[in-house]
Amino acid sequence: MKFVTFGEIMLRLQPEGYKRISQADRFDLFFGGSEANVAVSLANFGEHAAFLTKLPDNLVGERCLKDLMYNGVDTSSIIFGGPRMGIYYTEKGASQRASTCIYDRAGSSITTLKKKEINIKNLFSGATWFHTSGITPALGKDVADVTLMLMQKAKEKGLTVSCDLNYRKKLWSKEEANRVMTACMPYVDVLIANEEDVSDVFGLQADNSNIAGGKLSEQGYIDLGRKVLERFPTLKYIAFTLRESFSASRNGWSGLLVSRENTTRSKRYELDIIDRVGGGDSFSAGLIYALAKGMSDADAINFGIAASALKQSIEGDFNRVTVAEVNKLAQGDGSGRIQR
Amino acid sequence: MKFVTFGEIMLRLQPEGYKRISQADRFDLFFGGSEANVAVSLANFGEHAAFLTKLPDNLVGERCLKDLMYNGVDTSSIIFGGPRMGIYYTEKGASQRASTCIYDRAGSSITTLKKKEINIKNLFSGATWFHTSGITPALGKDVADVTLMLMQKAKEKGLTVSCDLNYRKKLWSKEEANRVMTACMPYVDVLIANEEDVSDVFGLQADNSNIAGGKLSEQGYIDLGRKVLERFPTLKYIAFTLRESFSASRNGWSGLLVSRENTTRSKRYELDIIDRVGGGDSFSAGLIYALAKGMSDADAINFGIAASALKQSIEGDFNRVTVAEVNKLAQGDGSGRIQR
Amino acid sequence: MKFVTFGEIMLRLQPEGYKRISQADRFDLFFGGSEANVAVSLANFGEHAAFLTKLPDNLVGERCLKDLMYNGVDTSSIIFGGPRMGIYYTEKGASQRASTCIYDRAGSSITTLKKKEINIKNLFSGATWFHTSGITPALGKDVADVTLMLMQKAKEKGLTVSCDLNYRKKLWSKEEANRVMTACMPYVDVLIANEEDVSDVFGLQADNSNIAGGKLSEQGYIDLGRKVLERFPTLKYIAFTLRESFSASRNGWSGLLVSRENTTRSKRYELDIIDRVGGGDSFSAGLIYALAKGMSDADAINFGIAASALKQSIEGDFNRVTVAEVNKLAQGDGSGRIQR
Amino acid sequence: MKFVTFGEIMLRLQPEGYKRISQADRFDLFFGGSEANVAVSLANFGEHAAFLTKLPDNLVGERCLKDLMYNGVDTSSIIFGGPRMGIYYTEKGASQRASTCIYDRAGSSITTLKKKEINIKNLFSGATWFHTSGITPALGKDVADVTLMLMQKAKEKGLTVSCDLNYRKKLWSKEEANRVMTACMPYVDVLIANEEDVSDVFGLQADNSNIAGGKLSEQGYIDLGRKVLERFPTLKYIAFTLRESFSASRNGWSGLLVSRENTTRSKRYELDIIDRVGGGDSFSAGLIYALAKGMSDADAINFGIAASALKQSIEGDFNRVTVAEVNKLAQGDGSGRIQR
Amino acid sequence: MKFVTFGEIMLRLQPEGYKRISQADRFDLFFGGSEANVAVSLANFGEHAAFLTKLPDNLVGERCLKDLMYNGVDTSSIIFGGPRMGIYYTEKGASQRASTCIYDRAGSSITTLKKKEINIKNLFSGATWFHTSGITPALGKDVADVTLMLMQKAKEKGLTVSCDLNYRKKLWSKEEANRVMTACMPYVDVLIANEEDVSDVFGLQADNSNIAGGKLSEQGYIDLGRKVLERFPTLKYIAFTLRESFSASRNGWSGLLVSRENTTRSKRYELDIIDRVGGGDSFSAGLIYALAKGMSDADAINFGIAASALKQSIEGDFNRVTVAEVNKLAQGDGSGRIQR
Amino acid sequence: MKFVTFGEIMLRLQPEGYKRISQADRFDLFFGGSEANVAVSLANFGEHAAFLTKLPDNLVGERCLKDLMYNGVDTSSIIFGGPRMGIYYTEKGASQRASTCIYDRAGSSITTLKKKEINIKNLFSGATWFHTSGITPALGKDVADVTLMLMQKAKEKGLTVSCDLNYRKKLWSKEEANRVMTACMPYVDVLIANEEDVSDVFGLQADNSNIAGGKLSEQGYIDLGRKVLERFPTLKYIAFTLRESFSASRNGWSGLLVSRENTTRSKRYELDIIDRVGGGDSFSAGLIYALAKGMSDADAINFGIAASALKQSIEGDFNRVTVAEVNKLAQGDGSGRIQR
């Protein structure tokens, strides 16, 4: 199967180990971006994953391209040009010290992407699924236009469309997000979100009775999911990830999938976190894979959550696991016994 | 505000990651010392922190000086001369394997420090607080003389004086410690200690009824604190850190502040430890900052404990956090959620 | 005391930190093998530990030899020749992601070892103990012949013989293992195993009543131990390690020693794992040391388990701890407090 | 244009920097092999380069595959299976200390390659050039059969065929090499070699008058080239690289191209060597590219030598340079001025 | 003495060792910029060096600030704000492969600097010298205005003003450069340049008779220097560096100082280059120091060239040498004998 | 053959690559000392090399011991005790920047060594050669006494005695050196020195006619050698190394051996230096080996110089080469061609 994703990919710079930026003398180098992460996950699942973006035509853009090729992503639709690679700096948190993330993405090459630069025929040829996120249209007016156009074209061509709502307040206002994302929703089949996203972008909240101590109960998530499905009548699924942050080192992790017929809560994992960046994207990839392959709702949410539990034990944004590895965990072996 | 600290700073050599010295092929390089660590913490809180020490006049002493400058410490009172940089080798423990520490500090430059080398006027000009520890007078007769003299001068000039009792049995006997520290106590406003220090140096113990399984109860700490306050009538505060060592990887961490009027127990954190060296010093710095800024006893002990909880998630002796970061944790967000 | 062990030692290649092989750009380099690990542990306990193996006569074999010499192992019986160094690649697991291990040991130099190459007189001169494992005879017909011969000679010379059953399904079938190991058992005094080994090699299982949820109860292990002792009338001890794998990062760890007279369960540790490879071998070494020194059954199993708990906090296959360090933990201090 | 190469690719392990294997504690990880190196060079020149080999179906084989994909090589013909990845260990020489290379390639997956496993149609579809080396048929009877078969098929389909003679005395005897390579020569258009190869494999030497101090003069190389062209009437070109080894750090480097009509000596470079491994392969790739693109003999030999001069300033076996970079050097700018 | 410099400082990212960006997996982290490099050199000479720039108010800007503090630079005039840190990526060349440099500096914080943000009184208080370069006014209209204003103010306050012409064609056209730099020249006492700068910015060339093989003779440089002095009647000195690039690894290095009375050629060094970035800036710093201290023209040019020869043996943009080290080389000991 | 050497071994700390100490963030860790270096060289030549020293009884002393064991040195005579490990910090020079070396060896364990601690019988049992240097008696009165005593005992037992004059002005005055070394000379058979040593310690100089430009001619060295042989009538050989320091990166390297009958100049090598520390010691080891094995004077000096040329291409103080490797170079192959 061919999956297509669209968005920005950035250079990620992170001090070695648990060092803070204020004490760094070298940076580990990763590449990542919400939709690129999904593409890499899908490629590692053995699928045909094409990624659309725009990269600067210099050694840094070339290095990024090679990283995608390394991971087996179809890069034939990537466009070269524009001024620069977006960057984000991260420092890895531990214990009570949170991870931090500093974006330096303004004016990156993708913000210069124009509709006419894209070879849509090549991009969607043979594809069954299109995925993007709420970050992408937030990058600028042109990119927002491209996003909406690609959703429409994907829909026309019969692809399933998924979107990770991902509201980023540094990129746009709630009003802008509401306007643009509402315009997109008629083309979306599967929405991935968390409660804050849904509140910030669509102004939807769970009933008070489902909130205790400032947190949603499981029923609260279900109610919220139902409200979203009501608001957007063509939407088929809304999926939530539920992260319980005990500390930067330890999290609880589970998910919830709400369709018009079912509500399914996944298994819950206790995570010792190696790198939490890309956790949500690996969930999206797992869920997309599972739904595209026709798994049941329960299997799909469990596949997505198992995939993303594994991701958070891996350095870098990308989920470097196979379908067999995900299945093994989803089907019960989380013991971490050595594989000889 | 200007804070002044006085003591030795040493070169710390530690194998990479969790390697033992017996398998090391390179050393990570840090600098640290109880009072230097306090000065760096205060500088990172945005305060004027002057540090007094004596460093060898060679490339290693210069490297150390640069590390202090990097962290914004006022190094204008540092004296150059003497034979060598003190060194300590550490290996980072994990699980049931304890961290170890080997000192090679004999004959270091600070042991040659004489009163007349110090420009006291420059050192204390504009200062509101003076801090040192029980390690410093233990380094030798001359340094002990300097320590007492500085406490007296600080007091004369109206500074608040704090001291971390820090008994080091490899440096001096209990008798010597008792004699010297007892002479110092009339000048001390804030004493920081743990129960063994108090017992070793002053021969004070909690009542038996407050000991269970070889460990003090909270009431035991309070009783002990009261005894210390009784013994030294000019002392205003005694502060304890309470470390529960489940393993080298995991500790409980809290503090207790006893004044003549109040007793306040801090919040308690479950730590996943990255580097515990300097944990106590970062507590001292946090407490000093909080008291100097006029926080309430409860806020002060919570600020100190939160600061030192964060420190133990950071590589090296120095606490590289801002006041805002400490406040965020002290006021409740220990979830470790990513900061974008 | 002189201890002799015999087996293969391999080059171990592992990506830095928690990186997967699919993202590795350099390998940390270790050497390890079940019996070599035992020899190194014993040498670090201050004993005379001789190791017999065959290494290729090239720079890689020389590098391996140096690693053994570094650890104080008596390498005077090692034979040089044969085509190549066996290799195994590992990646370190974390959280729900298991560690993996890929062997590339076919055709290694030890498979060309012939009886006549060994100077038995030098090897066993002054020795009190001989140890090997079920991996060694699985390497090939010639090595199996050498193994049996060495057990017989050791027994003739009055040495105590121990064997770690260690069934490796990639090396031989259950039938072959049963035939060869059954022939060896009359010479074995101390057998170290886990339940799967005992089942796979000897076809012995605990009674159903001692199994719950697919896992043996403590009584189940005791029953199984008794059955093994019945089957092999000259065997004096069977020892089990009991690993509870909550995740790749956290394990429970304890042991059980069954003799004809006693059954002793050790203390149980909660491990935060740094490197679990070699955990079982460090247990064997601890137990061998303790029994050879005449410790009680209870002290012996506790010494073995404490030694192996420490090992799992250390990078590499080798247990780099002293007897004093093991005793300190076995006698109660697992607090991980810093050693100054 | 599509170029096809066939041969083994191995895992290369090398201590950091200039460390000897006897002092290594970690290995830098590269992949390389004569024909794989040619494929990567051509891919970096922007051409379609397909590489045929057989890799083990495990994490190490997968890591190798990813390295080829990273470099843009067409890996669609690669076959998975067989027992293991071939390995070579290198240490980087300096000054009077030569680089060393230890092969551990026996029994690698490619030695199990059978003709029937290859999809020749896919491999040669649209291709204009086929390249292999004298190393490949030396790996075993089956691989030799495959090599000859591929040369024949390539010729049938109208491809140009090149071969790097590359005699490896550890893999086969001169007699075997002579027999097999003589059978191959009727299909070869372009032969790349040095004087020892030509002597060892074909028994051809230059006249005595062209040897001074044990070394061939330029005329000697020309004579030898003419003799080879006479022996093999369908051969169009023979190319020599002329390395002057002053030390492991400094070499002179030039080339000579002999056709039936012309003899062209390239420019000569003084090299400060970063990594000489793969130097010859990068020459082959440069020459192949130049001849395929229809450059004149003089331009072709200069392009090949400039490409390989650049390679030797780059870490790893692969030549990571563009056509523009090669042209810039070949056309005269070897000043190393910074490119802003 | 107090020296003031003004310009941009950027984050420099460079692969380890001689790796190309296309094969990098981590970046060494440096900071550098033409005028910052001068300030650091002067601080390492033991002088008071104040640097004016604008840095983003985030963790990356803070990290940069700490680097300047580490090197003893007076950072009290630095302004915080604006969107981002400028970046440049470098790869280190070797042999025939040139170093490369990719700028990502558009929209950096300094481009938002306004005159009113600068506390000129603090900046120039007690200063004797002001230095900037032709890069700074090229960054944008606002920065150009600030540059001219600072030159005027410096002149008014009696400071000596120096400028490194440094024409960067990617930042502005020759016409713009001519217009802005011509406006600046009346305030400049010491101009540092090379022949291309002088030609590009001022349209001045040496006479034909002084050019051979495309290169200026020494007399050519002298003539060119005289023409510049004629054009700008208030200029006191023009200094040239003469780099002979044999390869990226080896350069000849010397300088020429032309005043109205004298012409002095420096000693010439054969450099084995470790890091050539910042070579010119370290020359500027050396020359500025020497002239400010009243050295003769000959001593000054020799001090500047010796300082910059040493710089090119040091990693990073900054020259980390003392006056004593420079004097030792300038006065004759370039033997590189070990200093015990 | 058994060789015995006596002296201090220190921990050497050096920044990575060419970094200066003022920019170091980690240290590579080596061990070295003049006589330890000789012992390791001889062990790598396959000889029995015993080293006598005193090490602190802590983890750092143990780490050092393991390094010697790794290299096959007989450590059975090493004494444990005393306060600390001596340390020296180095930074690697390049081009015009010299290497530097900072000693922190005062009060190291060897300075507490007493005659009675040494088991002379075990030390000299079966030995044929004893070697020490002029550094050792300079460490203190007790060590000087031990040195003289060992020379006397060695002579009594019929060993050949060699001494590397190695005058270190930071350790003692010329007068002290003269007194102590003159007392030692009657026991010395082979003296290794350079001209400054001979002048500083014995006050001997070559005639003026043999000095040009401040440097000795070859004849000057011969004259000086003859004068030393005249002064000390029992001395058999004096050997000089002749280092021509063009820069820190490039040296000429040769040697001269003067006996009562012969004078032999070695071949001369042009060195690209990787690590020059230990160069002289590797020469001593080579010369000692060659003379002990009965090589001719010409072969002996060439063996010593070839060995030390190779050493300077190797990281760390120790010469990690075999006799075969030295012979290969001494007999003519310095081409640095790759060894496959």
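Just so it is clear, A, B, C, D, E and F label the chains in written order, and each chain counts residues from 1 on its own.
Definition applied: contacts are C-beta pairs under 8 Å (C-beta built on N, C-alpha and C of every residue); 3 or more make two chains touch, one makes a residue touch a chain.
Computed from a predicted structure; not experimentally measured.
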item: Matching chain pair for A-C (criterion: over half of the contact pairs shared, by residue number), options A-D, C-D or B-C; value: B-C
item: Whole-Å gap separating chain A and chain F, where each centre is the average of the chain's CA atoms; value: 63
item: Separation of mean Cα positions, chain E and chain B [Å, integer]; value: 43
item: Chain C, residues touching no fewer than two other chains; value: 17, 20, 22, 25, 66, 100
item: Pairs of chains found to touch, sorted by chain label; value: A-B, A-C, A-D, A-E, B-C, B-E, B-F, C-D, C-F, D-E, D-F, E-F
item: List of chain B residues in touch with chain A within their complex; value: 17, 269-274, 306, 309-310, 312-316, 320-321, 325, 329, 333-340
item: Of all residues in chain A, those that touch chain D in their complex; value: 66-67, 69-72
item: Residues of chain F that touch chain E when the two form their complex; value: 17-20, 22-23, 93-101, 103, 168, 170, 245-250, 276-277
item: Residues on chain E engaged by chain A in the complex (per definition of touch); value: 13, 16, 20-22, 24-29, 58-60, 62-63, 66, 83-85, 87, 89, 91, 100, 102, 104, 106-107
